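For reference, the structure discussed in these notes is given below.
Residue numbering begins at 1 within each chain, and the chains themselves are lettered A, B, C, D, E and F in the order written.
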Amino acid sequence: MSPKRRRVSPARPRPLTHVDDAGRARMVDVGAKPVTARRAVAEGEIRMSRAAFALVKANKVAKGDVLRVAELAGIAAAKRTAELIPLCHPLALDQVTVTAALAARLPGVRVRAEARISAKTGVEMEALTACAVALLTVYDMVKGADRAMTIGKVRLVEKSGGRSGRFARR
Amino acid sequence: MSPKRRRVSPARPRPLTHVDDAGRARMVDVGAKPVTARRAVAEGEIRMSRAAFALVKANKVAKGDVLRVAELAGIAAAKRTAELIPLCHPLALDQVTVTAALAARLPGVRVRAEARISAKTGVEMEALTACAVALLTVYDMVKGADRAMTIGKVRLVEKSGGRSGRFARR
Amino acid sequence: MSPKRRRVSPARPRPLTHVDDAGRARMVDVGAKPVTARRAVAEGEIRMSRAAFALVKANKVAKGDVLRVAELAGIAAAKRTAELIPLCHPLALDQVTVTAALAARLPGVRVRAEARISAKTGVEMEALTACAVALLTVYDMVKGADRAMTIGKVRLVEKSGGRSGRFARR
Amino acid sequence: MSPKRRRVSPARPRPLTHVDDAGRARMVDVGAKPVTARRAVAEGEIRMSRAAFALVKANKVAKGDVLRVAELAGIAAAKRTAELIPLCHPLALDQVTVTAALAARLPGVRVRAEARISAKTGVEMEALTACAVALLTVYDMVKGADRAMTIGKVRLVEKSGGRSGRFARR
Amino acid sequence: MSPKRRRVSPARPRPLTHVDDAGRARMVDVGAKPVTARRAVAEGEIRMSRAAFALVKANKVAKGDVLRVAELAGIAAAKRTAELIPLCHPLALDQVTVTAALAARLPGVRVRAEARISAKTGVEMEALTACAVALLTVYDMVKGADRAMTIGKVRLVEKSGGRSGRFARR
Amino acid sequence: MSPKRRRVSPARPRPLTHVDDAGRARMVDVGAKPVTARRAVAEGEIRMSRAAFALVKANKVAKGDVLRVAELAGIAAAKRTAELIPLCHPLALDQVTVTAALAARLPGVRVRAEARISAKTGVEMEALTACAVALLTVYDMVKGADRAMTIGKVRLVEKSGGRSGRFARR
């Protein structure tokens, strides 16, 4: 994760894929797309006070529950992405991995989520949703110690498979 | 929303409320808490390329669907917070309001969510979840134009009701 | 159920309660409403071919499963109304009753659903949703015999409790 | 949509596919069926008072929210059909399209839903469920102006793919 | 938990509360019941091979994930009881506690779940559902080592609040 | 179902498949597994007092609702297994069959559930979850007559398809 992020803007913007010619929201028709192996990785972070960070760190030494609960919440959320994001396709994921780790420099917690599938459409939203919900779970468990925590830098870091090719945030 | 945020750290950190003495994750017992009117407001943003922003703006002029779909997704997510966040209490919300607005300065979209209830426990997580899912929905609908969008600054801005008193991010 | 229905149009139409002054969809804020005992009854029907009706009737004589499955589906759907209808409030229902009965005159099946609660807001949507899903379930179980079945006359027949007073379709 | 509908009754009624020889409800085993491209279209309508219709029409001119919210609710419901209809198979839809349009002649709103998939079983129930939930959503948003609205004519209008061949309501 | 369990059979059996006079399944109407503090405790166990038990025990020493994942799954399931059990009332639980512990004598895992609420109806089903799903989760995580594990002795051990008074299994 | 069950312990225990090298819970990656026809059968039972059994039996003679409601609850639960069991893969089941039958010798009810799919991973959890939820449903409907009922012997009895080969409990 480099601190400076560079945009990967398309030279010629395509119209919004999820809006039809009449301006109406729609699911993209993936019927004609080939089934390919797809993978997406997303990351995000939550910043907190030093005092709150110390509590999470102490908890980790004991049993590690805050981070583990957040990881499980992320996995569960990935499986329910199509229920949360209105125009997402329901997908039978092959795998979801969520890792929540202490980041003393923030201070706070960094989450990384990876989703994999063989399907007609990609799994960016599954990886991003897993990330966001894992971070919200950290907030929930630590909010008694710090209500001013901020969730940020939730973004796609890598994606492969599908027509749009490979994407990697540098 | 001031760019500089000040931490509201407690002078003496209380232990993590969602972890018991044996280090095990738990729901907080709210049985003995009084029912009071509670309210929470959360905000967040998604930054995107100028080209993507132009598409969302053009869409808004036509029918406004990206922002409206995001708002509805946020409302629906608020109602399902207890399914997503493992240790959250199920709550029968009195109201949820979600507003998604273009922010040319980012460029991108800012989301503000407010939740209200009369209950034994607060609705911060409902407001934050609505915010996060509304922003993920913008990502989903605009990702065809920019995969490098970043969701950030998701945080509680105001909270009232309950024993911990009023919280306001300055 | 009289075949001719009379409209109960308000003399002066109020603006749409679920749309705010800016034209944005919203949940109604029920925070200030009193908790009262509320009840709503909805009805609907599905018409089918004589051959399909004969199959449902024969099934009923044996074990009655089509009608019983439809009733259970209606009860389950009533409990999930707030997940289906975007601006509905989540409610902890006191009771739902769904009755599916053969109606030789259609021929087909008539469904009646009643929902009860003590709450700040009414349960019309719960009764109507129970009705609609029970009828869809009949369609699903009988569609192998008749794909041309039609669901109709799904409507509120009675409502009590709440500020808007009693409603009864004559 | 012709006002007079003709039944497409099978010459020899097959037994109910969703009831086994002992009269017990069951899911149909689709394990041996081939995967084919399938499509289903359903329609339905909601009739309302002139006053209520005027409000919906005025809202559409402003931002069109009632119709757009209904469309999104229909899409979301299609994705959850297997949770609502007890014996439906869970399916990973390729696409759902829902269109809600003003119909001055009713007066009211007409909804059309189309579902597509490559699977072992059809998507009639997904199209019908989308239709029914979109119509219920219109009811919810407009009920403050007219509680006597009626949902009707919810039916399959077209279906292709699968062993039972093409179905088209004339 | 005594190995010998004694039945607490009522002297005069009441009719089934969840079946109406016509033999139709129904939700019990709790509208007239008073809101009281209610509590229910359930227990259950899963027996496994010594080899599988050794793996779970080794895992617990490391990070304790099998038992912790099971506890979280139980909490989440308790919150969704009304979606799983057709005639259960939706309830806003005050608290759920789930404890999964190694039991060398089985060998296997014992789960204890406690649910609390102030409501018109009890939380036995919530406690039992939490127990059952926690045990199923152990099965899922350990099945690669032993497919012959057996879940058993899932039962209510204590209940208080409500008209039927206190229940305690001796 | 023989009363004496013999363990099928692996000669050399493999490590827990759902825990990674760092001791963290994970979903198994099924991306590289072949799609094969898979089938799993699970069984379980609920024991009750003679008085409660007499009520269920009488109900069965009338309309059979307790057993039928339990079967439907089992089918619905099978479809939602991945929402309940944290590390389960979402699967589009080909079929689920659940049979609940009176067992005078217990006295009580025996449930048998069978799940089928063509997929990369098996359906043991779907069969076991269907079983457990069907038994919980019997408990719910009969608990007014006997709160001391016990659910037990929930276990896999047969499994075929997939790399681990055929499993049959003798």
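In the analysis below, a residue touches a chain if its C-beta (ideal position, glycine included) is under 8 Å from a C-beta of that chain, and two chains touch if they have at least 3 such contacts.
Note that the structure is predicted; figures quoted are calculated from it, not measured.
Q: Which contact partners do subunit C and subunit F have in common?
A: D, E
Q: Any chains in contact with both subunit D and subunit F?
A: A, C
Q: If you tally the C-beta contacts for E-F and for B-C, which one comes out higher?
A: Top pair by contacting C-beta pairs is E-F.
Q: Between copies subunit B and subunit D, what's the superposition rotation on C-alpha atoms, in steps of 5 degrees?
A: C-alpha superposition angle, subunit B on subunit D: 180 degrees.
Q: What chain lies farthest away from subunit F once each centre is taken as the mean of the Cα atoms?
A: So the farthest one, by centre of C-alpha atoms, is B.
Q: Answer with same or different: of all residue numbers used at the interface between subunit B and subunit E, are over half used by both copies?
A: Shared-number fraction below one half, so different.
Q: With centres defined as the mean C-alpha position, give me the subunit C-subunit D separation in Å.
A: Each chain's C-alpha centroid was found; their separation is 16 Å.
Q: Express in whole angstrom the distance between the two chain centres, defined as the mean CA positions of subunit A and subunit E.
A: It comes to 33 Å between the two C-alpha centres.
Q: Could you list the positions in subunit C whose residues touch two or more of the other chains?
A: 24-25, 63, 65, 68-69, 72, 76, 80, 83, 86-87, 91-92
Q: By the touch definition up top, name every chain pair that qualifies.
A: Every touching chain pair, ordered by label, is A-B, A-D, A-E, A-F, B-C, B-D, B-E, C-D, C-E, C-F, D-F, E-F.
Q: Which stretch or stretches of subunit C touch subunit F in the complex?
A: 63-65, 68-69, 72, 76
Q: Using the touch rule from the top, collect the residues of subunit A that touch subunit B in their complex.
A: So the residues of subunit A in touch with subunit B come to 5-10, 13-19, 22-25, 44, 49-52, 54-56, 59, 62-63, 65-66, 68-69, 72-73, 76-77, 80, 83-88, 124-125, 128-129, 132-133, 135-137, 139-156, 159, 164, 167, 169.
Q: Could you list, by residue number, the parts of subunit D that touch subunit A in their complex?
A: Residue positions touching the partner: 37, 68, 71-72, 75-76, 79-80, 91-97, 99, 116-118.
Q: Once bound in the complex, which stretches of subunit E touch subunit C?
A: 24-31, 82-83, 86-87, 89-92, 119-120
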